[in-house]
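This report concerns only the one structure given below.
Order of writing sets the chain letters: A, B and C. Residues in each chain are counted from 1.
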Amino acid sequence: MSTPSKFNIIGNPNINRRDITRKVTGAAVYAWDINPEHIGVDGTVGSGSIAYLGVVTCPYPRAKILKIDTSAAEAAGFVTLTGDQMPPYSYLSSRNSLALPRTSDITMYPGQPVVAVAALTTDQVEDAARLVTVEYEPLPYILEAEEALAPGALQLYNGGNSPAGGYTNENGIAPSTINIKFGDADAAMAKADVVVGPLVYETQHEQHYEFEPYAAVAQWTNGSLRVWSSNQWAHNEASSLAAFFGVPVNNVTVSTALGGNEGGGVLGNGLGDKIYQELEVVTAAMAQKTGTVVKGALMRNNQAIWASARFPMKSYMTIGAMKDGTMTALKATVYTNCGAIGGSNGDDAISDFYNMYNIPNVNIVGNSANTNRYHSAGAMRDVGESQGHFFIESLVDELAQKLNMDPAALRRQNLRGNDASGNPPVDPNVNQPYSSSAQPAAFDKAATAFGWSQKWQGWGKSSQVNGPLRRGVGIANLNGAKGGIIGFGAGQLQVSPDGSVQAFTGLTDHGAGGNTTFALEAAEALGLTSFDNVTMVMSDTSLTTDTIGTFGSRSTRACGLAFIAAARDLGRQWFPIVAPKLAPNTDPKNLVFGNNMIFDKTNPSNGISFTAAAALLTSPMKGSGFFPDPNNVTERTTGTKFAEVEVNTETGAVRVVHFTSSIGIGRVIFAKGAESQVRGGLFMGIGETLYQELYLDPTTGRHLNPNFHDFRIATIMEAPDQVDALWIEQNDPVAPWGAVGIGEPVLMAVAPAIANALSNALGGYRFRTLPISREDIVAGIQWARANGTL
Amino acid sequence: MARKGHSASKQTVESSLLQSIDSKKVSRRTFLKATAGTAAVAGVTALALESRSYAQSTSTSSTAAQTSTDPFAMVPITLTVNGQQYSTVVEPRAMLVNVIRERFNLTGTKRPCNRQECGGCTVLIDDKPFYSCTYLAVRAQGHQILTVEGTQKDKVLAAVQTAWVSADASQCGYCQPGRIMAATGLLKSNPNPTSDQIKAGLEGVLCRCGTYLNAITAVQNAAQGLNGGTAA
Amino acid sequence: MRTEVPKFGLVQAQSVQDAINLLSKYGAGNARIISGGTDIISRMKNGIAAHTPNYLIDISGLGLNYIKQDSGGVHIGATTANSDVVNSSVVNTAAPLLASAVGSIATLQLRNNSTIGGDVLQEVWCPYLRNNYDCWRNGGNVCYGAIGDNRYYHSIFGGRLCYAVHAGDAAPAMSALGAQATIQGPLGSRTISMDQLFPGISVVGGRVQEHTVDYNEILTEFYIPNQPKGTKSGWYKVRDRGTWDFALASAAVTVNMSSGAASNASVVLGGVDVVPHRASAAESYLNGKSMSEDVYSGAGAAAVQDATPLTYGIGNAYRVELAKGAVINALRALA
């Protein structure tokens, strides 16, 4: 940095991830790693003090359980647990599904766990599973949302297949779960010079494939439950488990991994998969049954199917504009496939449609349906907004194509952003202002860095041709719901007489860098230029308070605001002790933290060092902070992305050559981590666009690829030549030092940027489904040849 | 069950790890209580199997007349990991990754997929990278196994781990031990790799967080640090 | 689909004959050999019932890992690690096509842990088999791929019984090089061509498979004869990502260019047929022609002119284009 920062430590580009040494030396203990030694339990192999849990799953999308026979497994010395043996409670969802089904129940998705088994070593868990026999009667099933809502559809639940719980009406239409309407879209569409659509766009079923599978270690002691698990929300897990087992919540302690000092920030990614408690419930129930510590650690083929998923979406879209490029009308009918137990979803996706551009007439209907495709729609990085961005930014690109307008210029013209005076835009659905927007600055910065005007050759022309290799360029804007505060933030900062600081948060670090970001925020709030003396106490319900979980790109904002409040509370108690040691008549209300000092803001030379001030304490002092999400602003993350791709027209191979990301981060806190997020989001987006899909056998509905072999995530060979990570620091006013969340926004809009670039490479052929498979690319190549654009 | 309290989590974990590598007490897991009536195998502590399920394995072995050794029998093995010897007794099917993680309590090596499809379990065996989840433990005898806990024993590994820090080449960290071992193996065989050679050397470890570009930089920096030469 | 391995008895074979005797004694389905283990272990981890033997006969210690050159060619022992084949200066000089093909197998770690014999004889990767469906290769009498999801792993040149492709990379290259395989069994030893090793789907020792090695036979050696002077070769593998994946289509080509025009052309496709697929029409097309972009295209078209992609189930016609592209690029890579 060429100019000195006005901050103590945040934004410093030289800060390294503070937990990286532990992770690269193998010292960090993840929940999946927990051995008896880690938790003080007898470690003798086969001693019976710790048992390993696995599951037997149903292969059918829907089946009636006729008989469960565990006798062979029990005779061989294993322990089994069935739904018949668990307390008859309901589980989180609109569909009252059980953690394990009982005999005569109907299973609702392929891979649903039916019986749990426990064995004394990991090797033997599947031996045990093999000895369990379950008889099923396969039943008819539905895999697609539209089909589930069609008249006469098989009813999966009493009351219909819409999670809103409504019946289909006489026209076979379920009550809409989402209705967005302003202006008069039909009238505006009729008056538009150009109408594009209705076009259908679809996205795939994907799951997280986070590298650390689910793990939970459960131990009961005199009616109290201790759980060490790979979770993104320990506090919610503790209260859920307490409710399930009917014990007071104070008798349940949950931590992410080992918890404690520095141990709770160790999570092998989650991506939203680890907010749920199915595994913990079953593991704790098994621990009750065996009387031992039980470690449930999922195998990859189970992990690939369990918990939540990216819900498949299908959207019928139409857009109208005047010939000068002014967008006037947008209509969409959206179907969200919620899986077996998911509730209504798709709101965030739809919010992307009407927030992106200033379209005054909008009519969007969002339908959700339960199906037997998979377990549950729920959190997976972006939740709906990978899909939503693909839909709107593909449609807008097709509009530009029909208008024969530069797709960047069309977007710039209609972009929702700050006005000429810098006032933020207004969310048209709720008529309240954004807390901030980075547009149009993010757009302009990205276009320049990418070199759009040099690369774009016009519609129907590849940006570059080199024998069979053809390049194309594409653009997609970002305007996402994720990155807001969601709920509230809470945290505590404690200083000890030796000057060391403990920062307490219920959040964890799932790889996004929270351990470092939160430590930076704690240090900044206390005016420290280093976090060397800060210990992070994370995600341990015996030591921290609930601050809602680590998801939704919320934690930087929620934690930072909480720590700012905690520092204020700490000062309220501490500064009256410090003031008498400073110049006479120093008012403690004028004291502030800064530059490793506590000083008088009206006379900065009047102060003492942080360490000397700490030495005045006789015992540790804790400040507590709380920050609720205000409900009078719309918090969205904005930006623009450009992609340059290269297609081999002989083999269909696709390479992303150059990618530019420009995001309104508000304020850079952890510089290296933020840049790493952009790169990581790009790789995940490349996989999402070109390879990833969980597919079922078309005949039996069973999973065919719940593994890394055939669910293909991006490899190092997919690395682009150049990735630009650009930031706009728009200094959001409802944010710690202006910082908003970017963990999911780095993934949004990647798919349409690549898809639009592919389209440009192949003379305008449109890809309207994700993933864009090799087969799709070949179809595009053949079309381009036939249309003379190749 | 009496709780003996948390183990290493209260110390600075790196220092405890580096200390423990030098003075590692063989964990309780590798000592199995001896009882009367169990045949001792030469050179290895006599052991008894408390678990019913282990006892079963010998009873299911084939009764067909064959060599004197029961092919299903537990096999006593001694493995050399990070220069240290560890002894235990395993079934023939035991995979190296489970043995080092669970018997020797070396949990640095991870097991994200257990099917040789992700690379997260990569270790070096005689300086070459292998997937430890499909490598039979009994086969690993007589070889030098290097894992991420081997920092003190291998300067190439230490240089790679150090380079990882400033390059921010780790996010959630779960695949990193695998990639770090692959990088270490690469630099041992090719001290000045080109960018393409780095990608080829690291190709076999996937990353869901997408740290690949930072890993390439880290390897280039590690190579420079080790050789004083410029990366190609 | 699982990830752990059921219990098995591990027997160290004392000699090739000992291994053959053990396989015969235990019987088909009850025992299989293990060399590197990446194939049989993966089948057992997948939980494929008919591929989960009670005994594994370890042949890795029988000294079958060698690369030896004599005046006629190169002998490669069947349990030679694939990475050793890739790094061998002998192979890179005498049969660079093989080094290229084997170098594109999976990943470095898998090439370290797998053997050349294992790659040539590996089981197919059809997702139905790998999910323990009761298909022809797993105790049943149906091919689920033929009527289901056949996009990635099923034949575009038709088939019978099992339609899953031979997905390995070594075999097409060996076939193009005119390699021979030596197989030892209870009745003695035989040395056969790659075409004879891969006659197509038949029932061998009660197993539906595409090669002729019986349940109690062991492939011990490959022999790559010296290529005529002036031979150029090229390998190209089309796959979804830049590493890990099996071929969507691959091509191994050798051509003699000593007279200026091509002669003795050998074009073998991988990943598109139940066996390495000799594209005779492409070979005939190439012979007598000088190389040019037009000739590459013509050869590519000829290589797939008799393709019969599956139209039941989801279908795999797109791989015809990829096979064509593989041939074109392999020719372009001739060196």
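Convention: a residue touches a chain if its C-beta (ideal position, glycine included) is under 8 Å from a C-beta of that chain, and two chains touch if they have at least 3 such contacts.
Model, not experiment: these values are computed from the prediction.
Two chain pairs, A-B and A-C, are weighed by contacting C-beta pairs, with A-B ahead. Measuring from the average of all protein CA coordinates, the nearest chain centre is that of A.
One inter-chain figure worth recording: chain A and chain B are separated by 31 Å, centre to centre, where each centre is the mean of the chain's CA atoms. Put simply, the C-alpha centre of chain A and that of chain C have 42 angstrom between them. Counting partner chains per residue, chain A shows two or more touched chains at residues 122-123, 127, 299-300, 707, 709, 714-717. Among the residues of chain B, those touching two or more other chains are numbered 91, 93, 113-115, 117, 203, 206. The set of chain C residues touching two or more other chains comprises 3-7, 242-244.
Contact residues of chain B toward chain A in the complex are 1, 3-10, 13-14, 16-18, 27-29, 31-33, 49-54, 56, 91, 93-94, 98, 101-103, 105-115, 117-118, 120, 147-149, 151, 161, 164-166, 168, 170-177, 180, 199, 202-203, 206-216. If you check the complex, the residues on chain A that touch chain B are 16-17, 19-30, 32-33, 35-49, 76-78, 119-124, 127, 208-213, 219, 221, 258-263, 266-269, 271, 292-293, 299-300, 510-513, 672-673, 675-676, 679-684, 707-709, 713-717, 719, 723. Of all the residues in chain C, the ones that touch chain A in their complex are 1-7, 47, 125, 127-128, 130-131, 144, 147-149, 151-152, 238, 240-245, 248, 313-314, 318, 321-322, 324-326, 328-329. Considering their complex, residues 57, 60-62, 64, 66-67, 70-72, 75, 91-93, 95, 113-117, 119, 122, 128-131, 134-136, 138-139, 182, 200-201, 203-204, 206 of chain B touch chain C. Those residues of chain C that touch chain B in the shared complex are 3-11, 25, 37-38, 41-42, 45-46, 54-56, 60, 83, 106-110, 112-113, 242-244.
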